[in-house]
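Read from first to last, the chains carry the letters A, B and C; within each, the first residue is number 1.
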Amino acid sequence: MARPLGSVVAALGGTLMGPAELVIRRLAPLATACEDELAFIAQARYASQLQTTQAGALIVPPALQEAAAQRGACIVTDDPYLYFARLTQWWTREHDPAEPAAIDALASLHPTAELADGVSIGPFAVIGARARIGRGARIGAHAVVGADARIGADTRLHARVSVGERCVVGERGILHPGVVIGADGFGFAPHQGQWIKIEQLGAVRIGDDVEIGANTCIDRGALDDTVIEDGVKLDNLIQIGHNVHVGAHTAMAGCVGVAGSATIGAHCTIGGGAVVLGHLTLADGVHVSAASVVTRSIAKPGHYTGMFPIDDNASWEKNAASLKQLNRLRERLKAAEQAIALVQKNTSPP
Amino acid sequence: MARPLGSVVAALGGTLMGPAELVIRRLAPLATACEDELAFIAQARYASQLQTTQAGALIVPPALQEAAAQRGACIVTDDPYLYFARLTQWWTREHDPAEPAAIDALASLHPTAELADGVSIGPFAVIGARARIGRGARIGAHAVVGADARIGADTRLHARVSVGERCVVGERGILHPGVVIGADGFGFAPHQGQWIKIEQLGAVRIGDDVEIGANTCIDRGALDDTVIEDGVKLDNLIQIGHNVHVGAHTAMAGCVGVAGSATIGAHCTIGGGAVVLGHLTLADGVHVSAASVVTRSIAKPGHYTGMFPIDDNASWEKNAASLKQLNRLRERLKAAEQAIALVQKNTSPP
Amino acid sequence: MARPLGSVVAALGGTLMGPAELVIRRLAPLATACEDELAFIAQARYASQLQTTQAGALIVPPALQEAAAQRGACIVTDDPYLYFARLTQWWTREHDPAEPAAIDALASLHPTAELADGVSIGPFAVIGARARIGRGARIGAHAVVGADARIGADTRLHARVSVGERCVVGERGILHPGVVIGADGFGFAPHQGQWIKIEQLGAVRIGDDVEIGANTCIDRGALDDTVIEDGVKLDNLIQIGHNVHVGAHTAMAGCVGVAGSATIGAHCTIGGGAVVLGHLTLADGVHVSAASVVTRSIAKPGHYTGMFPIDDNASWEKNAASLKQLNRLRERLKAAEQAIALVQKNTSPP
């Protein structure tokens, strides 16, 4: 696991300052990097870290070129963070090349399933009737692809992913272990104190370049489909209800819950543990802080928050108790203001 | 996938206004329904949508019979939403009939497991020693039924459901992919800074007609059993702790957490992301809003809420900062009121 | 399933008061225990329950020895709760002895995997290249151990656990169904409105005596490893982001989310549904209440809380509306105080 620094620049560009033959054995965080490791400084305002890092080579922005070159080898590039992302991809391809495509003998393939060229199927995977798996897709151990489902080219289902019947996953997707696509949405009609199931007749349609974290669930639509557009990134343990529509390139952190029929715009970010209630619409470019509850539609791009500030427990107890009387406090304040006004009037010089 | 409108009424009742031979190709939402699609209007107050929908036929309440019949075919019924729920069930049976029962050759069945007539077992499912699977039950791919567990008649375990040893699932249940029934409850005794495991000796007992969403977990009891009564509906990614008791026909939305030994009444609803702390009791008919934290027992039916209202981030920051001084504000207000009273006394006419 | 009371004391110690031959058929909660059942009273302040329990025998602290012995058989020990924990372990070993080690014929073992003595592998488990399974470890049905991963001696992976490539689990661990260790952390560089994946090159290192609840996820580090130290206990449906460090003997209840690069000290407890934001540091001995959001580092041990108090919905609506004007209320109060001061000055006796 080692590459000369020059091979990095040959593959990814950037301006090399220093010896091309310097051997890099690992990509490392700036703070702990050693002399045979490559780290990055994203922005010029972190320039002070140039003095303390032990990294053998650095990826830096143009503003730090001079200072970085004085301390040792560096690669200069406009956007070091982006460069670093691409470097991790190149590093992975170099050191962990994809295994040759193979269909495990212990997989269960329906005779009517269609597998394109270069498909890999892991042990104990189950591919249902008429399912279609695109060229180069990799289906992990214990993954289940339901009847009439489609998996796009070069998409990877890790172990234990379920894609329900008729659901569609686009190209170049990554679905992590335990993901459930296309379980029934939560729909019931109340009747005499009981719940009558509404069969969920829609499916889930997922665009290209979508990544979905471990144990995240996306329910199928009631009548129409649940839709996840291109480039969406979902972290682990997220719940997406039926008929939700998530716009392109929106990202959600772990443990988010989106209730049924919510429409979330493109280029949004939703912080970890946030909840979006059902039937709401969020515009493009809405950013919701962690653990906030979206209770109304948001038409304007921006940053929105609603969470109780944490405090030492004793202070919290006092403030929380007062909070339950806050409306009463407001009324008392109004009464005090009126009393003051009256006193002022009575005591003002004639 | 098409049925004449008359066959719907023949199967489900209601009063048909219009041609029985009208062909319906899909059930559709009112807003997007086309001329060969069937939609519903739940209540008379949505009458205005009669004018805009393109649906070929409508299910409407009696109050809309006249107006609906003027625009085209309709089925009149007292509760259109309930009718629609039953319609989805009928539609599913018509178009997606259950496959003939079969035991997949790649399943792992313990020789002492008891399978009733008409049981289906999917590929790579594992049925443990002395487990009993009721008549007509369907066990999905990769499902695991532990030793001495029981699955009721006509219950369906989707792919990758685990039912732990000695746990019981009633009849006509639906467990979605990734459900874990009967993992150990979270119980430890503290000892010299470490946690000593309390083996969880109880099991989980689930009643009839229970539906459990994808990746939801219900822990086994510590000594007694965790109990889910008949007709309970749980959405995805819910955590039910050990020794919890959930009353009949209670419904919980996604991402709810119920801590150990909580007792939740019948006919309750718990909104998405809500948390119920341990050892509490909620009466029948308690409705908890999404993302609210139940920190005390609730003896009275009703609607309960506790969530920080979302706001633009700048406003939230100001209000959250003030919130941390709320109790101090209350004290200041009290002092102001006293000062006002004193001034009033001093300035009142003698 | 029955043991004489004397055999309990012979195995676990304590002072027996009463007949050693008394047959115990079950460990039971105090409130519902019957005459052939054994229950415990943790502390002297629960002494009143001595009068009402029907338990055949009790485990009690020294302060209750006399009162307990008067009503019937008892075992006296300094820490009844700890004694009870060990009793559940002994009871389980007695009644549910581990089955003899066996490698299921339907498991998929890579030829280069190394299995120590006494390893059990369940049906349809998958053990990857060069993976090492320690002595006495039990790998459940459908578990997946990735290439180069290591599972410590006597650790148990329940059904459907995934341990990703290169990840390490220590000795005597318990991982419940659906656990995902080593899925990719959530890391992307923004570029022209899209997200460029940062390959996650680290792994997960889990210490000894760690228990991880059903469907909990621990992501692999971006460059360095995500670390869970010895004795940590995680409940169900928890999300641990990449590069998180959890100190020894810390416990987290269900549905907690810990964002990337957070460092949580030793001997902490995190309540159910709490969220810890990324890149924060929590000292040893920090206790976070359920559903609280940790938005800043906490340097001092103690108890911290931040959650909106639940109320009847009508009261909540009023208080929540006032909360959105809280900062304005504070300003109004300040103005009122100033007005009062002025009036006081004007009306004070000369």
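To be clear about the criterion, a residue touches a chain if its C-beta (ideal position, glycine included) is under 8 Å from a C-beta of that chain, and two chains touch if they have at least 3 such contacts.
As the structure is a prediction and not an experimental result, all values here were calculated from the model.
A.B. asks: What pattern do the touching chains form: line, ring, star, complete or other?
C.D. replies: complete
A.B. asks: Copies chain A and chain B touch; is their interface built from the same residue numbers (over half shared) or different ones?
C.D. replies: Interface between chain A and chain B is built from largely different residues.
A.B. asks: So how far apart, in whole Å, are chain A and chain B when each is placed at the average of its C-alpha atoms?
C.D. replies: Averaging C-alpha atoms per chain gives centres 25 Å apart.
A.B. asks: Residues of chain A touching 2+ other chains?
C.D. replies: 124, 142, 160, 178, 215, 237, 255, 273, 307-309, 311, 321, 323, 325-326, 329, 333, 336, 340, 343, 347
A.B. asks: State the interface residues of chain A toward chain B in the complex, per the touch definition above.
C.D. replies: My answer: residues 108, 124, 126, 142, 144, 160, 162, 164, 178, 180, 183-184, 186-191, 193-201, 215, 217, 219, 222-224, 237, 239, 241, 255, 257, 259, 273, 275, 277, 288-289, 292-296, 302-309, 311, 315, 318-319, 321-323, 325-326, 329, 332-333, 336, 339-340, 343, 346-347.
A.B. asks: Write out the stretch or stretches of chain B touching chain A in their complex.
C.D. replies: These residues of chain B touch chain A: 26-29, 32, 79, 81-82, 84-86, 88-89, 91-92, 104, 106, 122-124, 141-142, 158-160, 174, 176-178, 209, 211, 213-215, 231, 233, 235-237, 249, 251, 253-255, 267, 272-273, 290-291, 307-313, 316-317, 320-321, 323-327, 329-330, 333, 336-337, 340, 343-344, 347.
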